[in-house]
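Presented below is the structure to which this report refers.
Here the chain labels run A, B, C and D in written order, and each chain numbers its own residues starting at 1.
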Amino acid sequence: MLRLQQVHAGYGGSEVLSGVDLLLREGEVVTLLGRNGMGKSTTIHCIMGQLACRSGSIVFDGCELNDLPAFRRARLGIGWVPEERHIFPNLSVQENLQVAAANFASAQQPWTLQRVYQLFPRLQERVQHAGNQLSGGEQQMLAIARALMINPRLLILDEATEGLAPLIRQEIWRVIEQLKQQGLSILIVDKHIKTLLQLADRYYLMEKGQVVSSGEASQLAQDAGLQARYLGV
Amino acid sequence: MLLLIEQVLNGLQLGFMLFLLSAGLTLVFGVMNLINLAHGSFYMVGAYVAATMIQHGSGFALALLVALAAAALCGLLVEVLVLRHLYHRDHLDQVLATFGLILFFNESTRMIWGRQPLFMQLPEFLSASVEILPGVPYPLYRLVIIGVGLLVAVGLYLLISHSRVGMRIRAGASNRDMIAALGVNIRWLYSLVFALGALLAGFAGVMAAPLYAVESGMGESILILTFVVIVIGGIGSVKGALLGALLVGLVDTLGRAFLPQLLQGLFDSSSANSVAASLSSMGIYLLMVLVLAIRPRGLFPA
Amino acid sequence: MTEPVLQTRDLSKSYAGLQANRNIHLQLQRGEIHALIGPNGAGKSTLIGQLAGEIKPTSGQIFFKGRDITTSAGHARAHLGLSRSFQVTSVFDDMTVLENLALAVQAHDRHSFRFFSRVSQNRRFNRPACELARQFGLEQYHAVLAGELGHGEKRQLEIAMTLAGNPEVILLDEPMAGIGPGGTAELIRLLDGLRGQVSMLLVEHDVQAVFALADRISVLVYGEIIATGSVEEIRANPQVQQAYLGDAC
Amino acid sequence: MSRRVMWILAGGGLLLLALPWLAQAMDESYLTTTVTRVMILAIAAVSLDLIVGYGAMVSFGHAAFFGLGAYVAAILSHHFHLGDALLGLPYGIGGSNELLLVMLLAMLVAAVVAALTGLISLRTQGIHFIMITLAFAQMLFYLFVSLDVYGGEDGLVMSGRNHLPGIDTADDNQFYYVCLLALLLYVFLARRLVNSPFGRVIRGSKSNPRRMQALGYQTYWYRLVAYVIAATGAALAGVLMANMNEFVDPGLFSWQLSGELLVMVILGGLGTIYGAVIGASVFLLLEILLSAYTEHWMFFLGPFLVLVVIYARHGLFGLLQNRARRND
């Protein structure tokens, strides 16, 4: 469904990605691992069109994404929950959701406000609050809910639970699990490796802008040596 | 007292006209972060087209429609041909380019319509006076401008606060990249906002045509006032533009009307007149300096 | 124990109802490298901003060399000897490396209302600037525009500028961000070389760098310091494991 | 700066030096006064470049100081010829006709006004700064429109140019050299200024104000002084302009003139000093050339400016430097 081949990219004079290969099949949950600054977010920015690739190709559903502006990529059915969340601060919760609402990918069972509120009951309590009045956890829920409102076929979560209190974190994991059950393809980045490896089907491990290891998530879960080498402290 | 009511109405009329101009300008600035000095040109286009239509015997409604379309079209062309290349540029580049556009538009109108100002006749049904109070007649047309301004204000409020497009405009103003990542075609949205702003400016031009001389360069004198309005109101805020426009309209009109009398108590009449004249012309600028000295980002910073 | 060179008392900051940090007691001893770690959004940048004078605390006090500087402006703190670096590299892109450093040196002159002399030939600024460049391995870049430097060199310049005028305390905001392992090793070596010369408050995500450098570590979570101690103490602290290191180790 | 650019500048300088002779030889003596006007506006443009190009303080009211300088000259001359005192004060300061003294006073007045308005303006940033500087200029514009004592809207005629020892300022050629000297001196001083310790602080404040604060600079005061210095430059140009035309009117304060000064600076290339001179020359000469062919010259000048913005991102001087660099 999504295939990256030899993607190179960077900011200004520095190269952050030096040849990233990645594959994600329909219905799969794939996690992108690695320490800070290894190129996970940059990879996602390239997929979303926030950063231009210098070379290489990114294909989604048979479409070469490199030629497409960001909004076309979204319309192909890629939902994005950015690391910084980027909630629209001056819009209410409901407006943050409505602003995105669209069914470009013509989903069978489109997401509606009701469905989203079912998923995140907490958001329903705060419908009229402005985006900048929400707590970090609520913002994260809203960011996920907003991405769902465009009825994506692939959901990309960058630092899905960073900086969140444990209870909220569990809530987010529960929702992601639920989305997985519904058959949504997911590409996810997070720091909570254990939880991630239980959730994900496969993993990609990044180091210095390249994928250094990939495979079944369950395998990595057992490979303490590999974990320590690339992820440990 | 009667004079006061009349002058307040005059002030409101000027205020609402300024609002029509400021709304578009402030939106364009707030959403696209673009300084457009050529905004007054759309006002001029609206006035010229309407005046010409009327001179050739067209009805007022038709003239209005064609003028609005012309202004919006000009706006669209300017956005697509020139300004689109400047969104990521320095404000200075935008100032230079739109200054160039002013020269172009002013000279174009001179080439088409000549140097003589045009005058636009009011249609009869608008040229009447109404008694606002027993024995106090007031030109209907000015009241119509106030009414139209109010309607546009309400319309814009509904559009921006309660429609999908409005949500996108507000969202785009705070985070352009995110709104694009949600599948919104930001280019198209920008063109739309820009054309809407141009249309409102053209509308103001049509409204102004019967009151003032229609001439090349008419856009610039009012443009400066418009900038004062949006800076006072807080750039990017339509609410601020409304408040700022009414403030500027009232301060300017009332200052001109009453300052000479007020100052006559202090000075002898000839110097009172001259001081009053300069003070009342400076009034709105004093207002702006005062507002910015206290709130450097205007009354309603977006 | 001697009096800390920099300390905070009950420092708090809230933005429109959101608590960024709360009741921070932090003590930086003279000469130590003190690391501040914690997840994103834990309030580290807010704390640095408060210490540097860019963010006004809602309540609490900051003491520098025994003196209450809570209300001093940022530039005044710099003159007292409290200097900072930025998380996003913040150099003067349109000036050369040497100009960047010389400008940092010049800041410690009494004033710069000198309108006629050629600043590029000013020895008093250039000599310490060259010295800093040498110390940070930037000699070969003297005449290169800072904007054209590689990311790692830019980082080094960023920190070199912080050291102009011999400050007593430097606040380093994520110096290792995005410079790759080679650059990190080099920077660790450089900072290690400064040990004892200058006290450092180091905000850093790269825990390995932190463990290599820090004398003491404070852990900031949800705006509060949940632990302070030596590297071993922090590594062993179960609360820290849970809150920050997550289940990664 | 590359050698080729140096040659071009030197060539331009020589041409300027020889211009009055050339003009006479070609029997086109109006050229001399035209170029005098260009040089005077170039001084004003250079002074604007000091703050816009080096300090990112985009003033849309620079003409205010230009106008102030001009009016100081005209008013002093007015009282000098009437033989009465300023502001009707019985024992007050009288008028003056000494060019150097007039210049000094004009710069002083501009400095005071700039300091007062700058105190407020510099609290704002970006577009707000643009607009507040415009507001102050408009206020002065209306002030002088209503000052009936000094001609109000109609302006004030000077009875002859100011006096300069040893020089007949009434002679257009000699006045030309006075202005040329003023321009060269001013460019020299401006170059020294931007390369001084103060200049580097101003450049730093433009490039990264937050870092400047963190380094220990109180940027506000440096910016204010730069603003005042720039104002005095414009006032100097204003004095010369009043002398050249022997006439002043409130149009000298107009926002159009402020806008044109900005255009000259951007057109020439920001933050280079020489660029401002080139920009002023090209803008005014283009205006003169085009208007010789068509009365609708603005129809062509407008799009030209747009094209310069879109395609020559660092102005004409930048274009020149780039070409030189490519050829070297």
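What we mean here is this: a contact is a pair of C-beta atoms (placed from the backbone, for glycine too) under 8 Å apart; a residue touches a chain by one contact, two chains touch by 3 or more.
The shown structure was predicted, so the numbers you read here are calculated from the model rather than taken from an experiment.
Chains touching both chain C and chain D: none. Set against the C-alpha centre of chain B, every other chain centre is closer than that of C. Between chain B and chain D, the centres computed from C-alpha atoms are 31 Å apart. Between the CA-based centres of chain A and chain D the separation comes to 55 Å, rounded to the whole angstrom.
One simple way to say how far apart two chains are is to compare their mean CA positions; for chain A and chain B this gives 45 Å. In this assembly, the C-alpha centroid of chain B lies 49 Å from the C-alpha centroid of chain C. Taken together, the touching pairs link the chains into one ring where each has two partners.
Of all possible chain pairs, those that touch are A-B, A-C, B-D, C-D.
Contacts from chain A toward chain C in the complex involve residues 12-14, 16, 35-37, 132-133, 135-136, 159, 162-163, 165, 191-195, 208, 227-228, 231-233. Within the complex formed with chain D, the residues of chain B that make contact are 29, 35, 37, 82, 85-86, 89, 91-93, 95-97, 99-108, 110-111, 220, 224, 227-228, 231, 235, 274-275, 277-278, 281-282, 285-286, 288-289, 292-293, 296-298. Chain D contributes residues 52, 58, 60, 120, 123-128, 130-132, 134-136, 138-139, 142-143, 145-148, 255-256, 259, 262-263, 266-267, 270, 296-299, 301-306, 308-310, 313 to its touches with chain B in the complex. By the touch criterion stated above, chain C contacts chain A in their complex at residues 16-18, 39-42, 147-151, 176-181, 205-208, 211, 222, 235, 245-249. Residues 48-50, 69-71, 73-75, 80, 82, 86, 88-91, 95-96, 98-100, 102, 104, 146-147, 149-150 of chain A touch chain B in their complex.
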